[in-house]
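Each of the next two complexes has chain A plus one other chain: chain B in the first, chain C in the second.
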Partner chain A sequence: MTDPILSVDNLTVRFKSPRGILTAVDGLNFSINAGECVGIVGESGSGKSQTFLNMLGLKAENAEVTGSARFLDEEILNASPHVMRKLRGNQISMIFQDSITGLTPHLKIGRQLDEVLIEHQNMNRADARREVLEMLEVVQIPEAKRRLEMYPHELSGGMRQRIMIAQALLCKPKVLIADEPTTALDVTVQARILYLMRKLKAHTQMAIFMITHDLGVIAGLCDRVIVMYAGRAVEMGTVDDIFYRPQHPYTKALLQSIPRLDSDPSERLLTIPGNPPSLSNIPVGCAFTPRCDFAFDRCRTDRPLLQSAHGTPDNAQCVACHLKDNAA
Partner chain B sequence: MIWTKKQRDKTQDLMQKSGDAGRSLMDDAIERFRRNKAAMGSVYVLIIITLLSVFIPMLWPHGIEDMSWEYISSPPSWGAFHLFGTDGNGRDLFVRVMYGGRVSLTIGVMTTVVALIIGVTYGTVAGYLGGRVDGFMMRIVDIMYAMPLLFLIILLVTVAGPNIYLVFLGIGAVEWLTMARIVRGQTMSVKRKEYVESAVAIGLTTPRIIRRYIVPNVIGPVIVFVTLLIPTNIIVESYLSFLGLGVQEPLTSWGLLISQGATQINTAPWLLVFPATFLAITMFCFNFIGDGLRDALDPRER
Partner chain C sequence: MTSPILKVENLQVHFPIATGGVLIRNYTPLKAVDGIGFDLHEGETLGIVGESGCGKSTLGRAIIRLIQPTGGRVLWLGEDLAGLNQKAMRAKRGDLQIIFQSPLASLNPRMTVGRIIGEPLEIFRPDLSTQERRAEVEKMMALVGLDKAGADRYPHEFSGGQCQRISIARAMILKPKLLVCDEVVSALDVSVKAQIINLLKDIQRETGVALIFISHDLAVVRNICKRVMVMFLGKTMEIGATFDIFDRPAHPYTKALLRAIPLPDPRLEREREAILLNDELPSPLNPPSGCVFRTRCPIATPLCIHEAPPPTMLRDDHKVACHYPGKDLPTKQ
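On to the complex of A and B.
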């Protein structure tokens, strides 16, 4: 097996706030190989975005990040701003969800795109422009040449999102972090963008992290899935594992709360009762205990560790739940 | 009419032609500004005043230092080209008002440019870097704010002697403080915008981000402030001249003319009326332009 292109070890993000220390991400371990797509699912506030923002050094002033993240055997967590700046947008790119505000209103699209290449690849403007045009072809912007002379407010949301994606892909990054790239878009554009990502993944061996709460997107695009809850990974496995053999009660509940075509329309959609815990007050044991139908005494006191669900090693399904021990 | 039919047709033509070219938000703002009659009128009036100030002293039969013994403190008359009358030394007031306009407008613009450059640079850097750097930089501004302007300029003038460039420097060095505060505040709100975050995420350098992503987005309120700062600085120069710290005889400025005219208001009122009128018109124009720009650049309209 090849070495993972990016591996994260015991990543923890804490915020110092007036109400005490908030743990947004709690001891996360994962890795990704070239050409692989890993989906990150979880409710709002489960630490999906924070994981990656802090990994890239885009942290808030009051954030404290510990652990390790190795990109091609180089430690990038808390690396110098200079090192990180060269990495960001060049080797590791990130697509943000909000395309409406992701482009500066006072620069023409073309200038904003050229800049990335001029900065990272020392290209001159003419060469950069050529590359940019090629990339816009890839993301299927019609009449690309004309669009480059336009300002962001003159383009539709879908087009802007594709521009943002093009911007992230310009330097042919080894790792792409897509933070809900399709949330703001209508389904047809969404489908096109997902198709594009699948193609890129296959052709360029790019590793993609797909952060989303849309399980449909995960099923269509990803190889593996990490389910996060209150800053912790509760379950990890291949797409098939997660969708067909979910082990953790939270994953199961999540899957049951998606409307299905073959379900009885008169039936109410299942929801998970309660709210995610406040980050300043995460339960001592398993964070999901208060909302879990299967919780027992040990769940309240003992924090379950992420371990192999079937006793098989490496990359197989892992789950953090005491129920598994009970069953065994 | 400011907005003639011909111009309108031409603009529509251009708009159709440029349908592809991309209209920036700035183009839209200019369009809005051009529709504001008071502001456009003010622009034309200012241009006229500027042209008069530049060319009249070159072309007028009287120089600013020429004294004529036949006409001392004489009221306005057409006969000897003393349109605005003469002062106590028999110097033609018309040419002196125009020359004063040169000096006043130059001081207004130059001091503002000084304030603009220092203020925008300082404010964006402090606001963007934030944290301790910001705290330190803004405390310096607070300390300088506490020093009275007059004190600073008197200090400069006594150390280096009266000099018009010192006036530029002195006024500019004080006015940039307010500019820096405004810019810093704007920067702090722009900094949190997603497009700045994404600029960081694509790995641009901090100077580049400040230049290309912060400055263009804070410039709106700054431009408005600039149009209001120019008249403020003209006034500041007048009271420095009034105190004898600004422009020195035989050079003159509107402020100086007014202060001299004020002493003879009973015997030769024209000495006060004409320079004061020009100063007032200029103030009005700048204020109208400022208003027009604020309306044109108001982000709420987008």
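On to the complex of A and C.
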């Protein structure tokens, strides 16, 4: 087996706030190989975005980040801003949900894209422009030359999102982090972006993290999935493991609570009672306990650790639930 | 068959948009809703789907006259709402309620939840005493699954899903006959979304209220609606029973929408073939000639450029506006 391109070990993110210390990410471990797509699923506040923002050094002033994140055997967690600047947008790129705030409003598209290459790869403007045009072809922007002279607000949402993807891909990053890249888009536009990402994944050896709450997007794109709840990974496995053999009660409930196109509409949707917990008040033990139908005494006191679901080591399916021990 | 409670006929909402220079002011109409018509029966649920900018929210608002329609008729129990004066319209508002997408933004942050839910009664039922009103509020809170202890708290103390329950309680307290739901579950988390969908279905079963359910999420619409209307650029592309729309869609736009939804099933996703539409949406200020969908349509022909397709009845209550209804679309692997 090859070494992972990026591995994260015991990553924890805490915020100091007037309400006390909030734990947004709590002891997360994962890794990704070249050419792999890992999906991160969770509801709002589950820590899926915070994991990656803080890993890349894009942290809030009151954030405290501990643990380790190794990119190609180099520690990047809490590395100097200088080192991170060289890495971000070059070796590791990120795409955000909101394409209008992700692009600078007062610079022409062309200038914003050229800059990436001039800054990171020491190219001159003419070479940069040539590369930019090639990249716009990859992301299927029609009339690319004309678009480069436009400002972000002149483009449609789907077009802007593809510009952002092009910007992220210009330096041929080894890792791409896509944070809800299609959530704000219409379905027909989303279909185009996902089609593009599938093609990129097949043709380059880029590793992709896909952060989303849309299980449909995960099913179509990812090889492996991490399910997060209240800052913790509650289940990990291949996409087939998670969708066809989910082990954690939260994963199961999540899959059953989504309205689907192939289910009987007269059936009631299964719901998860209650709401996701507030970060300042995460339950002791398993964070899902108050909403779990199967919770028992131990869940209220002991925090379950993420461990292999079938007693086999390594990349296999892992789950953090006490029920597993009970069944065994 | 009973007569419909709501009959929308050739409804138009055109917004004047200033174009031209400083000296010569021209106004181009933006046709947000352009000739929409449908019937709604008592206790029925009609889904209105379409992508952003297709006019579905404007339509919802024009029906209950939060926006003044510029043409057509909205017949509510036989009476045209579009022609009523302010005072007469206000008297109807108790029957016609709406809930919006952002639950927190639609609740007054300075009012307690109990007051928010009870406010419609203060206006429409001034004969009720404070105690009677309070009792009604508590009944409503129980109906939507809120603890009555919450009545003295403020909206910001509640989560998004709970705020949406408060909005529903406020809308239902006057026992309306029509409830317009404008993207009411779009901002909610997956696990909370299902709770609100089930709640709306329960309320409808218990009270017999008719729902107009506006959403861009087709899977949600399929779960909650009996009939569905698909809109594009202010016009109806297809309307019919949910079963017909989802299982035998006839309009290329409906087909493309359905095929574009990612399915939460890895095996199906691996096998599926995408239909990719040209994603340059036409400008509503300058809509394409003929069929408004033709610039995005994979099977458009010269006929579509010259002639707008008239609505064609395919079978009972299944209407489609396309020159080539049911024709297969090309796919990409």
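Please note the rule applied: the second predicted complex is superposed on the first by the 328 of 328 C-alpha atoms of A that agree within 3 Å, B and C clash if a C-alpha of one lies under 4 Å from a C-alpha of the other, contacts with A are read in each partner's own complex, and residues count from 1 in each chain.
What we mean here is this: a residue touches a chain if its C-beta (ideal position, glycine included) is under 8 Å from a C-beta of that chain, and two chains touch if they have at least 3 such contacts.
Computed from a prediction, not measured in an experiment: that's the story for all the values here.
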| item | value |
| --- | --- |
| Chain A as common anchor, with chain B and chain C clashing or fitting | fit |
| Chain touching more of chain A, residue-wise (chain B, chain C) | C |
| First, second, both or neither for A:N90, with chain B first and chain C second | first |
| Which superposed partner A:N275 touches (first chain B, second chain C, both, neither) | second |
| Chain B versus chain C as contact partner of A:G158, first or second or both or neither | second |
| Which superposed partner A:H120 touches (first chain B, second chain C, both, neither) | first |
| Degrees between the directions from chain A toward chain B and toward chain C, using C-alpha centres, nearest 10 | 80 |
| A:I258 touches, of chain B and chain C: first, second, both or neither? | second |
| Which of chain B and chain C A:P105 touches, first, second, both or neither | first |
| Touching partner for A:K172 - first (chain B), second (chain C), both, neither | neither |
| Contacts of A:T188 with chain B and chain C, given as first, second, both or neither | second |
| Overlay on chain A, chain C to chain B nearest C-alpha distance, Å | 6 |
| Overlapping contact positions on chain A, where the chain C interface meets the chain B interface | none |
| Residue numbers on chain A that touch chain C, as the complex places them | 43-44, 142, 156-159, 186-192, 194-195, 213-220, 239-240, 243-244, 253-255, 257-263, 265, 268-273, 275-276, 291 |
| Contact set on chain A toward chain B in their complex | 56, 58, 61, 84-90, 93-94, 96, 98, 101-108, 115-116, 119-120, 146, 149-151, 153-154, 164, 167-168 |
| Chain C residues within the chain A interface of the complex | 51-52, 159, 161-162, 189-195, 197-198, 201, 216-220, 222-224, 242, 246, 256-270, 272, 274-277, 279-281, 296, 332 |
| For the chain B and chain A complex, residues of the former touching the latter | 20-26, 130-131, 193-205, 208, 212-213, 216-217, 302 |
